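The next part holds the structures, each set out as structure tokens.
Shared chain: chain A. Partners: chain B in the first complex, chain C in the second.
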Partner chain A sequence: MATTYEPIATTNGTGSSDTITFSSIPGTYTDIIIMGTSKGSFNDENINIRFNSDTASNYSWTMLDGNGSSATSSRGSSQTYIRGGVSGTSNSANIFQINNYANTTTYKTSVSRANNTGARTRAIVGLWRSTSAINSVSLINDSGNFSTETTFTLYGIASA
Partner chain B sequence: MATTYKAIATVTVGSGGAANIEFTSIAADWTDLIILCSLRSNSASTADNLKIELNGSTSNFTARSIYSTSDSSPNSYSFSIGEIAGINATNTTASVFSNTTIYICNYASANNKSISTDSVAENNATRGDLSLYATLWSNSSAITSIKLVAAGGNFIQYSTATLYGISNS
Partner chain C sequence: MLNSVVALFNAGAAPAAAGDYESIATVSVGATSVSSIEFTSIPGTFKHLQLRAAVKMTGNYWMTCQINGDTSTNYVSHGLYGNGSTVSTLALPTGSDSQAYLAQQDGASNQVIVAIIDFLDYANTTTNKTARCLWGTDRNGGGSVGLNSMFRPSETGAITSIKLLHTGGGTSFNQYSHFALYGIKGVA
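So, the complex of A and B:
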């Protein structure tokens, strides 16, 4: 049996940067998943996702969001990122799964679960309109910096 | 390299049911914990609430949820009672058990613990429940025991939960 859920890299927040990047991701797995805890500077922060440092309007996402009093659905089309996670002043669990990330035929999709009990919980689907294999993933805090309590690990999932 | 996503322990409820499912003496050998559950409560209702106790504690929990049933718009709630999911109960189709995933980040760290839970409780004929929970346990102790409790009753026979460890090294 192939090793699955194989740890590829772990990156911690520094307190002085709003971005965590996993680069030089090998194309040797079927899917990749990033799991971990984030903590930021403000109570309610978004974590946006970019692939291969692409800052063009090639992304879209649809999101189910619950803030403790109401549940809403929203969508962003032709965006410069996928709205993928949440962060805040309390530790926030985030899971980002990117399926079939290394193929060079289809666009890439992601599924995220984001949890910040100070603000909200979310489920998000995202699309990157590119046929390029994903070799880097950036997680970008749109409000503040990731604290030193932030830690994310990239795992590779192999189908065989 | 350590084996990741390793099964640590499985609990299956026997005849007569059980008031809780508990994992104890959890070693600090992993980065994260995942519990995959198939659960049903004998509560006389269409759904029961799954609660969690960590290291025997029922306090210092906060949570926000999205809860949707098939016959209404989704709602969102806040909690401080350790409620982490909705599960099947007596007034749903017989032999249907919820599918629940509990993910606990950095369970052995000295920081507060964040938990993500996804759960579905299908009822075949009339209703299905989907619940997504964000939970924070504001406690810096390493988690060494996890107890799952059906808030309105007991877990019935064949309810089962498996604890997995995931390592980043």
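So, the complex of A and C:
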């Protein structure tokens, strides 16, 4: 059996940028996973995802969210990003899973699990309406910059 | 490329050591749709299993699973999921169904469902088996995302086969569906 689940790259927050990008992602895996912890400037921040630097309205997402007092579900259609994760002044855990990312036949679907220990926990599914292989992923803090305590690692998984 | 830090469950588990996450088998559905797929002869040499699926199904059905060919009502399913406006729960106690409910197609045929299913401590023969699933499907204006679990309250046998099927019957796993089973090692 083939060993897999390989780290491809790790990127840390700088404190002066709201974006972390993994680029030149090889197409040699079946799935890619980005996992890490994030910290920002505000109590309750969103992390948005874009693929291949596409800023057009080719994204959508469906979310399940719990904040300790209520559970809600929301949706974004024809968006310029996938609402994929959370950040905040507390360290937040995010794992983004992008299956079949390199195929050139189907639209790309991601699932995420995220929790901001000071605010909420989430499960999110996102869609990028493109059949292009994903070769870069950008994580964008919608409220402020990623602090230097932020770190994300990109992994690749190859099936037999 | 490094291969030193691997294998993390969906949220929160510790990374494993090098070479501890291995591909066991993969099933891809071709031009002819199928009613089910099955992983058999699963080796008992790992600590946990992870099944990663990107599925296209026909109809508004649940993708389900059966363990070790068991078609009796020895499954318990729970779910928490949202469709963009409503949060719903699922609870199927033992004796109610002959399959465990994992992920829902939710209204539109042939949209990709991504499901990541963890079968924990699958090879031991003393505890009841459990699994969890993170799943989602989105179609730009529709879709659902959820967390489901499976429990086998009366079975302690090691998991040696996993069959994925669906509540609709017929041929429902369509072209471009992809199922990959991985093993995660424990400490020897």
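As a convention for this text, the second predicted complex is superposed on the first by the 160 of 160 C-alpha atoms of A that agree within 3 Å, B and C clash if a C-alpha of one lies under 4 Å from a C-alpha of the other, contacts with A are read in each partner's own complex, and residues count from 1 in each chain.
The rule we apply is simple: contacts are C-beta pairs under 8 Å (C-beta built on N, C-alpha and C of every residue); 3 or more make two chains touch, one makes a residue touch a chain.
As the structure is a computational prediction, the values presented were derived from the model and not from experiment.
For the composite obtained by overlaying on chain A, chain B and chain C cannot both be accommodated without a clash. Contact with chain B, but none with chain C, is seen for A:37 once the two complexes are overlaid on the shared chain.
In the overlay built on the shared chain, the residue A:115 is in contact with chain B and with chain C. By the touch criterion defined above, A:63 lies against chain C but remains apart from chain B after alignment on the C-alpha atoms of chain A.
Comparing chain C and chain B on the residues of chain A they touch gives the larger count to C. Once the two complexes are overlaid on the shared chain, A:4 sits against chain B and chain C alike. Residue contacts after overlaying the shared chain place A:155 against chain B and chain C alike. Of the stretches 4-12, 22-30 or 166-174 listed for chain C, only 4-12 runs into chain B once the two complexes are overlaid on chain A. Chain A residues 3-7, 35, 64-65, 71, 93, 95, 113, 115, 123, 153, 155 lie at the interface with chain B in one structure and with chain C in the other. Of all residues in chain C, those touching chain A in their complex are 1-8, 10-12, 18-26, 52-54, 56, 80-87, 112-114, 116, 134-141, 143-147, 176, 178, 180, 182-183. On the chain A side of its complex with chain B, the touching residues are 3-7, 10, 35-37, 39, 64-71, 90-95, 113-123, 149, 151, 153, 155. Per the touch definition, chain B reaches chain A in the complex via residues 1, 3-5, 31-32, 62-68, 73-78, 103-106, 111-116, 118, 132-136, 138, 166-169. Interface residues of chain A, counted against chain C in their complex, comprise 1-8, 30-31, 33, 35, 60-65, 71-75, 77-78, 93, 95, 97, 99-100, 103, 105-107, 109-111, 113, 115, 123-127, 129, 153, 155, 157-160.
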